[in-house]
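Note that chain A is present in both complexes that follow, paired respectively with chain B and with chain C.
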Partner chain A sequence: MPQATATLTPDRQRLELSALSAPAVIFTVGMIAFPVVYTIWLGFQSFSSTGKQSFVGLANYSKLLSDGEFWHGLWVTIALYVLSLVLQLVLGVWLALVLFHAKRLHGIVRSLFISPFMMPPVVAGMMWLVILDPSLGAANYILQSIGLPPSDWLASPSLVIPTIALVDTWQWTPYVALIVLGGLQSLPPSVYEAAQIDGASPFKTFQRITLPLLLPTIVTATILRSVDLLRFFDIIYITTQGGPGNASNTLNIYGFRVGFEFFNIGYASALMLTLTAIVFGAVLAFNRLRGAVAW
Partner chain B sequence: MTAKTLMASVAIPILAAATLSQAQGADFNWKKFQGKTITFLANSNPVSQALLTQKADFEKLTGMTLKVDSYQEQQMRQRLVTVMNAHSDEADVFMTLPSREGEQFAAAGWYADLTPLTKDVAGDYNFADLSQALLKAGTFGGKLTSMPMNIEGPILYYRTDILKKCGVEVPKTIKDVEAAAKKLKACDSSITPFVSRGLKPAVAYTFSNMLHNIGGSYMANGKSNLCSPKGKEALETYSGLLRDYGPPGVVNYSFPQISALYRSGRSAMSFESSNELRTVMDGGERLKDTGLAPFPAGEAGQVPTAIGWGLTISAYSKQQDAAWYFVQWATSPEIQKRMALQGIAPPRPAVANDTEYRKWIDEQPVRKEWQAALDVLATKGSSEVGYPIVANPQSREFIGQAVQDLILKQKTVDQACADADKALDALIAQK
Partner chain C sequence: MTDAPTTDRWIRWLNTIQLVIAGIIILTPTAWMVMSSFKPSFEVTAYPPTLIFSPTIQNYIELTRTTPFFNYAINSMIVTVGSTSLGLLFGIPAAFAVSWTRISWPAILTLAARMAPGTLFLLPWYVMFRQVGLIGSYTALILSHAVITLPIVIWVLLPSFDSIPRSVFEAAQVDGCSVTRILWRIAIPLVGSGIAVSAILAFVFSWNYFLFALVLSNGDTKTLIAAAFNFVGEGSTQWGALMAAATLIALPPLLLAMLVQRWLVAGLTLGAVKG
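Right after this comes the complex of A and B.
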């Protein structure tokens, strides 16, 4: 007996396949689109302290421009982003080189190095909160036992951003290192052989060959970390809740508090959409850069 | 509305319902809503944990199923905001802190009016015994919105052995606290003389007690009053104690850090919630060297902060009658006695005087002092924590900011209070 599908025209076949997959596609698109569309709609609404809702057009966005806390949050977000990203890229590349050249026990070394980013950020935040406690924490105990003065760490307005950047760097440098390690392993050996024949020193080899060839991989790592860092929330929420004062009040923390503690969901949505636009902008810029450094 | 008329508006319907319930006596049908499922959105704190140890009892008594949706406090509020903004009936009953969000939730229409529901009540419920102050705190616009689950407030935990070693008397006034802290600092540099909340959103809980004891008020003539002489004195005294005698990093301290510091034996005086007794005494090291008292008096005497968690019914619940059966069971004398035996201070004087509970209290001297301090909270307490306005949670941010500015020496007291008053006046003006 001839099979039914054999008699179908290609157009009919395409139509049937489309019809069969349509529910899944509609569901997936809906799941992605609905929260975005809903947040955009919320951004045009105002909610009073009592939850009363009214349409205000672009008023939430014009309020952003005159809101000192927004500009402060933006500054904190950028400062934390730049500091963390630079530290993670420099240390990540260094760690990748160490792992790449490790001759012995590289399995154990790799497992040890990647363990921080396997830890949930909330757990990491709690752990560092205890370690950095100025009275009871191990960090000050170590400083004092080697004759250095204790530090206020997360409780100092001037140290809180570098301290949070260090905690994030501790957690995410191994992730950057793993990405870079993948890039290192894919580099063509022939260029290194040519450099060796030409008598290039190890530093010159790194500077002139390894680094330029690794650039696309580093930019990929930069994109991935940028998305996370610009939306930085969990460790700050666990350790300082944006304090002391508002010294670590990133845009994400500020938006969360406006929405869920002060119940102004409309303004919080406008804040979050602005942050989303910043993240998208950064990703697009780095994507262009990746195209420029590709080989 | 004056306090008297407000009290009358709360007490009269409740007492009427109580009289009616006495008449119903033992005829009360707990199985009226058998087969229904009640969803309870709970804050996973010691109060709900103690209550939920009795969950099986409720299900057996009523034939209903209790579905518990439990989160940490912040996460519970996030969930609540989402559910209530969607007008969803997902939560029938939820825990609420009237002193914090009561005005806001009442104005938003999130609370069901419990007054008519209180007519359907078991004979032994005894409304009259519930703390009238807490019932008043849960009444908005003449509507009773929540039933009290516990009574709590900040109290002073102090180390009797360290005070004795340093020749320091137990402080009787706020000035004594400052003098004691100074003497303790000179006597033993390894000990933190005084610790209280320094984390911005948490400051109002303890600072309010200081402000009220000194004789200050948050508002006067509809305006923020932090720059009044008493307001400035309270700001300077509270922040000065933490800056000069508190632990390093106190601006990040809330109850977990304070309890950990005191339990580890590193602080001589801790001003923290009465609810933390169990945590502080965990391990038993502090049982024999701890004294407890309400915070010492200021010029206005002792006006301790006394608040309590309440159980309320969602305005969007489709089964408010059945939900009320859970609320009345959970706040009944018998269940509150069982919770009290787990260290949850009861909002009912009769339970506090119950023989079994007194026996538990008498087992340890520290429990006796704890109960004595709670008795002062129950009789003299004020539930005003932060500004008595709809945006109370946000007002706490500005109080905390002013205190932190002074602890960190970022502003003078005049600058700090002026900035706070400006922001708070804008908040007060918001509708």
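Right after this comes the complex of A and C.
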């Protein structure tokens, strides 16, 4: 059929395929690539109170190094990140094992388990704000009724980071569990049978067989959570706005406030580029780790 | 010598107990929020907290009376439906082209938005949108939220398109079908359920997204999520109305998620886990 081949030359086909991805590519370049380049440029600028802008070279970055609030924000970001990640991975693996051994998962059970991370983080923040209220909250009532002292939770400078980590852990542990459950379900059953024949205890089986085989899945969960945790924003902004004082002022909250409350766009750009570098660095590092534990 | 079936039953019991404990921890806070929203206002802040009360919709009436809640809800709908449609419009053909050519950089490029902090984009957008007078417009909100929806659509649909046997396309090509025609007539009908899941996930994450609307909306275009920030500020003593607002804001994503819970997991991990 000469006509058909005439309309379907490889060139024509390549052109059509390019045209199909063009809208997405143009949109992404316009909304992401170009703005990021613009942010890099903004990071070399200073904006005076009258709106005048001037090129200041690396001044924003040298300011960063001597800014105590930046180092504090970095510390808060890392503390919140490590604490939340460890809690979510440990509890997530536990929950995945429980779900795995439940054999059949009823739709209602599954719906229940996805409900925390399908609700807006902002709503989770509102909800926990009321539950954790220092004077009238249900959490303190429960503590007191079992004989423990009440806590100031989000209002306490020393407890605000663990408290926010707990709220995020409540919301995202089921997500980690579902990823790990997917990993568990894809493991070959033959390895368990072999362990059973060898008379290995359930704990030994988990430690020596299940956990090493699950490592790639756990690293995947770590990457997905790292990306969100290092840019932690919603729950903090709705509950404490970085407070009390600056106790929960993560880099993302700090950068946002510098940019949109103090309108220091140049310095905020430098802060955000630094945070972005940290996030991408973490993703690349964990990606290499995933290669190392693959089987 | 232990009796194997008895040990088995014990282990199963132990597992069920752990499952129930996990379920209680997961459900209780949400149940508390919904319950508080139906409490009479004097009872919401009662200490010790009450479990038994006569439910009332007083808080919901109060919420709609004292705030333009319906306007915010309509704004949220416009932004969410708009950005989900845009994500599908750009994402479906792009996912198809990436799956066909195996050239993956367009898909990876959109993923950058999933990794970088939102403020990184928000700073230049703010400057750019202000210059063209789009701050506070639906256009700015829909465009910014499409940055969230587009990677979701592309990455959820990629495995769906990949799973169509190549021979199907080749047969159509022999019949003289153009690539675009193959997408419309053959590929899209075959991945219908994938498109539905990607649309629902895009809707949920766009609805839930906080940061962009916080800066790019104004009094007339404010979305529910951005308005929630004001509710918290004003509602320090109005817990009933605050919990009513929280319940209503969480309702659309929760209902949609229940609808497709079975297919959600693979989509949520952006294809990181198969199954």
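As a working rule, the second predicted complex is superposed on the first by the 262 of 295 C-alpha atoms of A that agree within 3 Å, B and C clash if a C-alpha of one lies under 4 Å from a C-alpha of the other, contacts with A are read in each partner's own complex, and residues count from 1 in each chain.
Quick note on the criterion: a residue touches a chain if its C-beta (ideal position, glycine included) is under 8 Å from a C-beta of that chain, and two chains touch if they have at least 3 such contacts.
Everything quoted here is computed from the prediction, not taken from an experiment.
S.K.: Touching A:Leu136, do we find chain B (first), chain C (second), both, or neither?
M.R.: Both partners, chain B and chain C.
S.K.: Check whether A:Ile265 is in contact with chain B, with chain C, with both or with neither, and answer first, second, both or neither.
M.R.: both
S.K.: Does chain B (first) or chain C (second) touch A:Ile197, or do both, or does neither?
M.R.: Neither partner.
S.K.: With the two complexes superposed on chain A, say which partner A:Ala294 touches: chain B (first), chain C (second), both, or neither.
M.R.: In the superposition, A:Ala294 touches no partner, neither chain B nor chain C.
S.K.: Report for A:Ile146: first if it touches chain B alone, second if chain C alone, otherwise both or neither.
M.R.: The answer is neither, since A:Ile146 touches no partner chain.
S.K.: Does chain B (first) or chain C (second) touch A:Val25, or do both, or does neither?
M.R.: second
S.K.: By residue count, which of the two partners contacts chain A more extensively, chain B or chain C?
M.R.: C
S.K.: List the residues of chain A that touch chain B in one complex and chain C in the other.
M.R.: Touching chain B in the first complex and chain C in the second, residues 135-136, 239, 259-260, 265 of chain A appear in both lists.
S.K.: Given the complex with chain C, which residues does chain A contribute to the contact?
M.R.: My answer: residues 1, 3-4, 7-8, 12-13, 16-21, 23-25, 27-29, 31-36, 38-39, 42, 94-95, 98-99, 101-102, 107, 109-116, 118-131, 135-136, 138, 141, 145, 170, 174-175, 178-179, 181-183, 185-186, 202, 217, 220, 223-224, 227, 230-231, 233-234, 237-239, 252, 255-256, 259-260, 265, 268-269, 272-273, 275-276, 279-280, 283.
S.K.: Please name which positions on chain A make contact with chain B in the complex.
M.R.: Contact set of chain A toward chain B: 48-52, 133-136, 150, 152-157, 239-246, 259-263, 265.
S.K.: Help me check something: in the complex, which residues belonging to chain B touch chain A?
M.R.: Going through chain B, the ones touching chain A are 74, 77-78, 81, 84-85, 104, 107-110, 192, 199-201, 247-252, 257, 260-261, 264, 266, 390-391, 393-394, 401, 404-405, 408, 410, 430-431.
S.K.: Can you list the residues on chain C that touch chain A in the complex?
M.R.: Touch list, chain C to chain A: 11-12, 15-16, 18-19, 22-23, 25-27, 29-30, 32-33, 36, 45, 47-49, 86, 89-91, 93-94, 96-98, 100-101, 106, 109-110, 112-128, 143-144, 146-147, 150, 154, 173-176, 178-180, 183, 204, 207-208, 210-211, 214-215, 225, 228-229, 231-232, 239, 242-243, 245-246, 249-250, 253-254, 256-258, 261-262, 264-266, 268-270, 272-275.
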